[in-house]
Amino acid sequence: MTQAPDLPAWAAILTALFILLGAGITLIGALGLLRLRTFYERVHAPTLGTTLGTLFIVLSSITCFSALQSRFVAHELLILLFVTVTTPVSLMLLARSALSRDRIEGKDSVPPVV
Amino acid sequence: MTGVDGLLLSILVLPFAGSILAAFLPTAARNAAALLSGAVALAGLILVALLYPAVADGTAVRGEIAWMPSLGLSLVIRLDGLSWLFSTLVLGIGALVVLYARYYMSPEDPVPRFFSFLLAFTGSMLGLVLSGNLVQLAFFWELTSLFSFLLIGYWHHNRAARDSARMALLTTAGGGLCLFAGVLLLGNIVGSYDLDRVLAAGDLIRSSGLYGPALALILIGAFTKSAQFPFHFWLPKAMAAPTPVSAYLHSATMVKAGIFVLIRLWPVLSQTDEWYVLVSSAGLLTLLVGAWAAIFQQDLKGLLAYSTISHLGLITLLLGLGSPLAAVAAIFHVVNHATFKASLFMAAGIIDHETGTRDLRRLSGLYRFMPITATLAMIAAAAMAGVPLLNGFLSKEMFLSESLQRHSGTVIDQALPVLATLASAFAVLYSVRFIHQTFFGPPPTELARTPGEAPRWMRVPIEILVLACLLVGIIPAMTIGPVLSSAVRSVLGDATPSYSLAIWHGFTWPMLMSLAALVLGTIAYLRFGKMLNRTEGAPLLRRFHTRRIFDGALAFTASAARVLERRLGTRRLQPQLRLLLFVAIAAGLLPVMRHGYSLGGMEGTVVDPGFAVIWAVGGACALGAAWRAKYHRLTALVLMGGAGLVSCISFVWLSAPDLALTQLLVETVTTVLLLLGLRWLPQRSAALAPAKGAAFPFRRAVDAAIAVAAGLGLGLLAYAALTRAPPADAVSRFYMERAYPDAGGTNVVNVILVDFRSFDTLGEITVLAIVALTVFALLRRFRPAPESLGLPAQQRLQNAYDDAQSGREVGDTLVDYLMIPRVLMEWLFPFIVALALYLWVRGHDMPGGGFIAGVTMATALILQYMAAGTRSVEARLRVQPVRWIGIGLLLAVLTGAAALIVGRPFLTTYFSYLDLPLFGRVPAASALLFDLGVFVLVVGATALMLIAIAHQSIRKPLSRAGES
Amino acid sequence: MTTLQLAWAITAAQVMLGLAAACAAYRLLFGPRAQDRILGLDTFYATAMLMLVTFGIQTGRTLYFEAALTIALVGFAGTVALAKFLMRGEVIE
Amino acid sequence: MAAWIDHLAVAPILLPLAASALMLLFDERRRGAKLAVAMLTTIALVGISIVLVGRAGSAAAIVYAIGGWPAPFGITLIVDRLSAMMLALASVLGLASLIYASARWDRGGPRFHALFLLQLMGLNGAFLTGDLFNLFVFFEVLLAASYGLLLHGSGRARVSAALHYVTINVATSLLFLVGASLIYGTTGTLNIADLAIRMPSVPESDRMLLQSGLAILGVAFLIKAAMWPVGFWLPTTYSAASPPVAALFAILSKVGVYAVLRVLLLGRGGEAADPASIAGQWLQAGGMATILFGTIGVLASRTLSRLAGFSLIISSGILLATIAGGGPLAGALFYLVSSTLAVGALYLLIEPIARNEAEPNVAAAADPVFEDEVVHDPDDEGDEVGVVIPATLAILGGGFLMCALLLAGLPPLSGFVAKFAIIDGLLDAQPPIGWARWTLIALIIVSGMATIIAASRAGIDLLWASERAPRTLRLAEAAPVGLLLALCLGLTVFAGPAYVYMEAAARALPGAAGPPPGVAR
Amino acid sequence: MEIVLALGIGVLTASGVWLVLRPRTFQVVLGLSLMSYAVNLFIYTMGRLRVDAPAIVGRDAAPDPAAYADPLPQALVLTAIVISFAMTALLLVVLLVSRGLTGNDHVDGDEP
Amino acid sequence: MKRLLPHPLLALGILLMWLLLTASLSPGQLVLGAIVAVLGSHAMAALQPEDAGIRSVRPIPRLAAIVFADIVRSNVAVARIVLLRDRPERVSGFVRLPLDMRSRYGLTVLACIITATPGTIWVEFDRRANVLVVHVLDLVDPDAWIRETKHRYERPLMEIFG
């Protein structure tokens, strides 16, 4: 499936650039999931995708639709905003849960309780 | 309806009406019930008598009421000579039995019920003999079985009565079913169930290929009812019934029903080899076996019962012989047997009544206590033995003379005279024994009370019957002659032979045989009389306990059925599901096998690498979930979430954004739901698993095969469909064309949901509502397993830690854990609400809609619950999901019903564009309101389900007394 | 001309996101621990959301935006529930 | 604009739905009012269905287009003789169950009345709808409500049974979806009447898919109809349910048969070139196996409720085998009505007959564990609904006897007429009559005999031989049984007109002459 | 695309069926959920695959049906999703209650 | 006013969101958005959240800029760790960060910042001790890291929320 909207050249280039950047950053973050050694290291990886990755893809989308509809379309910003707010929630909770589990199992790599 | 019709009908209706009336009499109304029954019987008798002139010449009168005309089934009441004779017997003896029973039945018994059954039985018997239709005959036949069951089991506190009633029912009703099948075959051969037409079609029937089966089935019916060997066993057992019942059922009615059918169908069924062999051999065997067994009975009623069997065998034998004269003898003997056997039963009842026992060995010399009864019994017994000047003699002589004729040219012809004489001698023997042991000899010694004469009116029925025996025996031509003639003629028609009813035909062979039997029987009694008292059961037959065989067969049936049920069925779930899937796969496969699997020619779309990658992930997730679900539930759940997400992405890829949204939201809610449930499930681990049986690998292999087959099957079907062009004129074209112009929405999917097919949506939300209510109701009674009643391990550890640490309180860990997320989730709440409202409003035009909005809203609520805890949320928000469900449902229904007010069909939408001042053109669709109902309901239902489970964690266990 | 290049760029981006999803799925499938799997699922969701946005770009339609927004706004509920279950043994207290 | 009587077509669905929605707005304390609403609704349903029966019997079928969309596109409700008859049957059975439940059973758990009405709604919808997917939706409605009602009162037996029942039915629903969607995928329509028209013109190359769909759909129906070997769930499930619920369930398995009549026979109509379809032979064989299994089960059953359950299986088998074998449809319909009423009455009778103590505690499961579990119902304490009537044993015995006769097909009630009609119809074929028909006839008779054997054993043990304390029976428990049995009696007396009606109903089914109603193209 | 989707449906179905046949209640619930995913996709395929053709019609001209994804199967899937969600919830609660009453999580309520 | 519109800022936010969603500034959408905004703020009011108590808005732009820059920088840093050959001497570990700030909202924003920045994640917080445990992917000098964080984020946040 190779198709794309018909955009002016500048918009097309920007869109392509942003989208590739965003996807690339996200992919790097995801690769981190594979490469990093411990859970606490791995938990950092997805934030790449949810910060800059999302930012660029959203930018790409904004560029594209603004060009298509000849006006500034910004509703994608909502995605960015909510992702920024919700991702920390899940990661925080997850990290704390992992910590709790490791403590219960007596792993020595985790900090003792305060 | 003519006058005759009315008369005929009232003959049939009277007993049933009386029966219903009697059933409603108070338990103590003995006299009223008896009076009613007697009046009914007498009235019937009078009606029948009035109709005699119409049938005297052998023709029939008919009354007909349409019942199921399209099936050729009408209620036909047909009275001819034969049925006149039987009706008279039924009603006449019925009246006498009623009189007798009035004195016989104890005041403690619920007598009205007895009379009610008796009358109903009478009615059924009349219905049987008056049937002008084969189906109707079977109908009343089964009714007689039924009411005889109730009569025999009348004293149901008595185990013997229960058992014998059941045995009688099973035997006769089972036979009845055979008869039913048989008459249906007959009807099929003839093309009509009408008796007249059937009787006119004898040749057609006998030449039909179905003759054999039909005959066999009808004979089984007749033989069971008439207690022919080997179906005779129920009759002696039925002596557990009150004596009036025995007197009635086993003389004139029940057992004669079988005979009646044989006579009725004699013209069309007999005259064949099959008939001769089957009927006469059954009759002959029964005659001998019954008589032989009667000799050895110690019970008065048992003796009479076997004698009845024997006489029924005699009649059957006569019918089996197939000659018209034999048929005449048979009909004649029916009447004679009825009279003397009824009186004998009544006499036996009196003896039982007066002495408290029916055991021949304990009875003796009763003549001096009850001379009248004794005399009457002696006369009746003499009739049974075939002593001259009594009616039994006449018919027996006809029988003996028939036995001398040649019928088949086989060895039976030679043996028959000897066997007939022998059977007669047996009859003499048991008759003599009956009389001599009961009435003669020394006075009885072991009786509980001193016997005396029975009440005056209790003897009257016997007197009347004995008088009949005498009259018929002495002046047959003047008494029974005309009746017999009309009966015979109605059966035999033109084939009626000439016969003479006279006492004296000179010294003929039959006369000599009779005498020989009398002498032989008497000598035998004198010689062996004492010995008979010492035997238990009849020699030769002793080992042949049909009763035990019957019981054994029943028990075997039950246990075999249980084994089979276990083999052929199962109560376990897994085999059921295996079968279900197997059958489904097979069903889907068969047409493919027949038509061949083929792909269509439509060009496919190019495979997108991203799509392929996603599905590789999705497939792996699904397989992983299947792999891990046993011991790693959480893992499996997470993996399933992955698979769900993949299917959601594919919906997006395949241009179905609505589906993707819905799938996604449902996915999230399902995950939360299953997690909520996980808390209450037992820990599982591979280490704790029980040992596996030997069949384990095999079962897993089978399951795997089924799984692969199902996956392959569905995948192949999908692929086959995908490669074909869609049907050209699919209805969806209409939806796309009309969605905007007629329904005002551009999102066709949503327009279908809330307009074209909104009825589906209404049903769907109803399902959701029902399930939510069910979940709620079920969880009110939820009691967790004891080991999951306490806090989960994590919480216990964390609480213990909080408790141990100075400066911390129990629960601090939780508060710290959730502090930040809680703030964020609280502030997200209004935004999610706004999103939900947005999704609802735009649904008609773009992806969204009430359901999606509702689930979004519910998720917002659940997030609050997760962040703040149940109590905290419910202290702040008014959460009333059940009410929301009600409101949503009502809103949707009322929106739909509003159309009815203007006479439009239900759920017709109203749609137009309003030009509002500020807003410009605004679409105003009633579908939006309908969707609001969906929205509210979905919020309520989803929240209710999740919250109901969540509430289980905060319920306080009752502190039990005695526990610390 | 640019359209074709853009199309290729978008497809490439989708493949990259697909690979990212595959990486996430690796954690999802092979753990080793429950938290890794949940992390994998969370990443998967994020990736999926981004993928939806790329669809929007590809087709030039805003239809997919709501789905993406919904994932952004409520998609984390699943992760929250899973994490809380790990921590506390139950989801709603 | 449609005549008012046409709008009545939607009332059997709308009325209970609205009434139950209304009930949800009030909490559990208003039980009396809810009972009144439920009772009024059910009585109204009986009235409406009688009016519809009258209407259907005298004129052409009502085709009610929901939402005003024309036939193959929108969803239509079809009131013809058959659906009107099924409506009447359902509402009468519902009324009887509700009266019975009012004796005390409705207090076994919350929201009984709402669930009850929704169950009726689901049934009515399934009978009325002329759309395949809508049929699925109503199947789900009635199933969901049946889960709720089955679980009403809770307790281990019910929950265990429900676990199986729900699982099997969810799997079945998936089959339904697969089948229905395949049919849509090959014909492009979901309207049942339209399907009948389109099926013959499905190209040969797509036939494989279409028939696969029909077959899978058929399996889904047959599971609901409890055909062997996919019907083992029925006796266990039904005997676990509380009596009024079980009585109402008596019609549930008939929905499967009804669906076979409405939908599967289309396949036969479509296979004009192939009359003795293989599917029909399978169905017939399956039906006969079902009769056999039911017979075995009846003989093996130790409790009355299992006996009743297996009787239902027998009746399903007889219906399926008769329908599939091209037997008399009218006779089958007559039998359907008669056996449903009889089993319903039997389920209502079982509990009073087998009742051990004077007043069973409907909520009895165990002591409450949680504080909030003890829901104090103000009118729950010592409240006598109805009058305790004398002569209990006679009434119970009489009722039981009648039920047994109906099931065994013995005179004098409608069971005999029904079996006569079926056998007569089976014999009424062009000779020679095939062995399959002979087997079927034999099986029908044998199953009747087995019913007598089992029922007499159970009845004698429970009614005649038991040494129990005098039983109590309330009017509210006896009256519904009386109602159902009186209907059977009526069906016997007026067998002629009833049969004529059913013959007309059968003639209107697809496969018979003339185009089916409900499609305007 | 078609082959990928068909394979996907097959794998989902097979996993679901395998789980449905397992003896533990939770497995059965998961299995039914997986099967319902598969069936939902299956229903969707009956409208054939359309890439880049959502069923949103324009407001102006009469649409050409061939240019859109078949909306009817989508509507059916939506209904099916909702219903299967409801049934999953119900089954879950039933199995929880069964677990509480019988003390184990075997589908038959007792260990074989 | 407070009863009519409990959280005016929030309401504004929702209105903004609505307008963004509908991508329209038509009067109709404005009115509809306003209605939704009022509804949303009432929903919030029902939850009875703590008052945010924003003291000053001046530091916000600067903070935002710092955060954005940090996010970009750490994105690159983490990407390097992932992509290039990982330094064997790189250690990751937990850092205990004693806080001075008490405001819940301040802490929340801090949590978001720390977690959203790749390479650091908010792990545990003890309310009574006001100590935070952070996991750092590339931990070179814990004390320096603590000092920097407190300076860069905590101080401005304390200015904003007090």
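Order of writing sets the labels: A, B, C, D, E and F. Residues in every chain begin at 1.
By definition in this document, a contact is a pair of C-beta atoms (placed from the backbone, for glycine too) under 8 Å apart; a residue touches a chain by one contact, two chains touch by 3 or more.
Which chain is which protein? Per UniProt: A = Cation:proton antiporter; B = Monovalent cation/H+ antiporter subunit A; C = K+/H+ antiporter subunit F; D = Monovalent cation/H+ antiporter subunit D; E = Na+/H+ antiporter subunit C; F = Na+/H+ antiporter subunit E.
Computed from a predicted structure; not experimentally measured.
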Per the touch definition, the chains contacting both subunit D and subunit E (Na+/H+ antiporter subunit C) are B
By C-beta contact count, A-B versus A-C, the higher one is A-C
Using only Cα atoms to place each chain's centre, name the chain farthest from subunit A (Cation:proton antiporter).
B
Measuring centre to centre with C-alpha atoms, which chain is farthest from subunit C (K+/H+ antiporter subunit F)?
B
By mean Cα position, the chain sitting nearest the middle:
D
Mind checking the centre-to-centre distance between subunit C (K+/H+ antiporter subunit F) and subunit F (Na+/H+ antiporter subunit E)? Centres are C-alpha means, answer in whole Å.
22
Please report how many Å separate the Cα centroid of subunit B from that of subunit F (Na+/H+ antiporter subunit E), as a whole number.
74
Where subunit A (Cation:proton antiporter) and subunit F (Na+/H+ antiporter subunit E) are represented by their mean Cα positions, the distance between them in whole Å:
16
Chain centres from averaged Cα atoms put subunit A (Cation:proton antiporter) and subunit E (Na+/H+ antiporter subunit C) apart, in whole Å, by 29
Considering subunit B alone, which of its residues make contact with at least two other chains?
571, 573, 577, 581, 605-606, 608, 637, 653, 657, 678, 714, 717, 721, 724, 726, 730-732, 735, 757, 760, 764, 767, 771, 774, 778, 781, 783, 794, 798, 817, 820-821, 824-825, 828, 831, 835, 846-847
Mark out which residues of subunit E (Na+/H+ antiporter subunit C) touch at least two other chains, giving numbers and ranges.
20, 25, 28, 39, 42, 45-47, 51-52, 54, 56, 72, 79, 83, 86-87, 90, 94-95, 97, 101, 107-108
Quick check on subunit D: which residues sit in contact with 2+ other chains?
133, 137, 140, 144, 147, 151, 154, 159, 163-164, 167, 171, 178, 182, 184-185, 190
For the complex, give me every residue of subunit A (Cation:proton antiporter) touching subunit F (Na+/H+ antiporter subunit E).
25, 28-29, 31-32, 35-36, 38, 40-41, 43-45, 47-48, 50-52, 73-75, 77-78, 84-85, 87-88, 91-92, 95-96, 99, 110-111, 114
In their shared complex, at which residues does subunit C (K+/H+ antiporter subunit F) touch subunit B?
11, 14-15, 17-19, 21-22, 25, 28-29, 31, 34, 37-38, 40-41, 44-45, 48, 51-52, 55, 63-64, 66-67, 69-71, 73-75, 77-78, 80-82, 84-93
Spell out the part of subunit A (Cation:proton antiporter) that touches subunit B in their complex, as residue ranges.
1, 82, 85-86, 88-89, 92-93, 96, 100, 104, 113
In their shared complex, subunit C (K+/H+ antiporter subunit F) is touched by residues of subunit E (Na+/H+ antiporter subunit C) numbered 52, 54, 56
Within their complex, state which residues of subunit C (K+/H+ antiporter subunit F) touch subunit E (Na+/H+ antiporter subunit C).
58-59, 61, 63
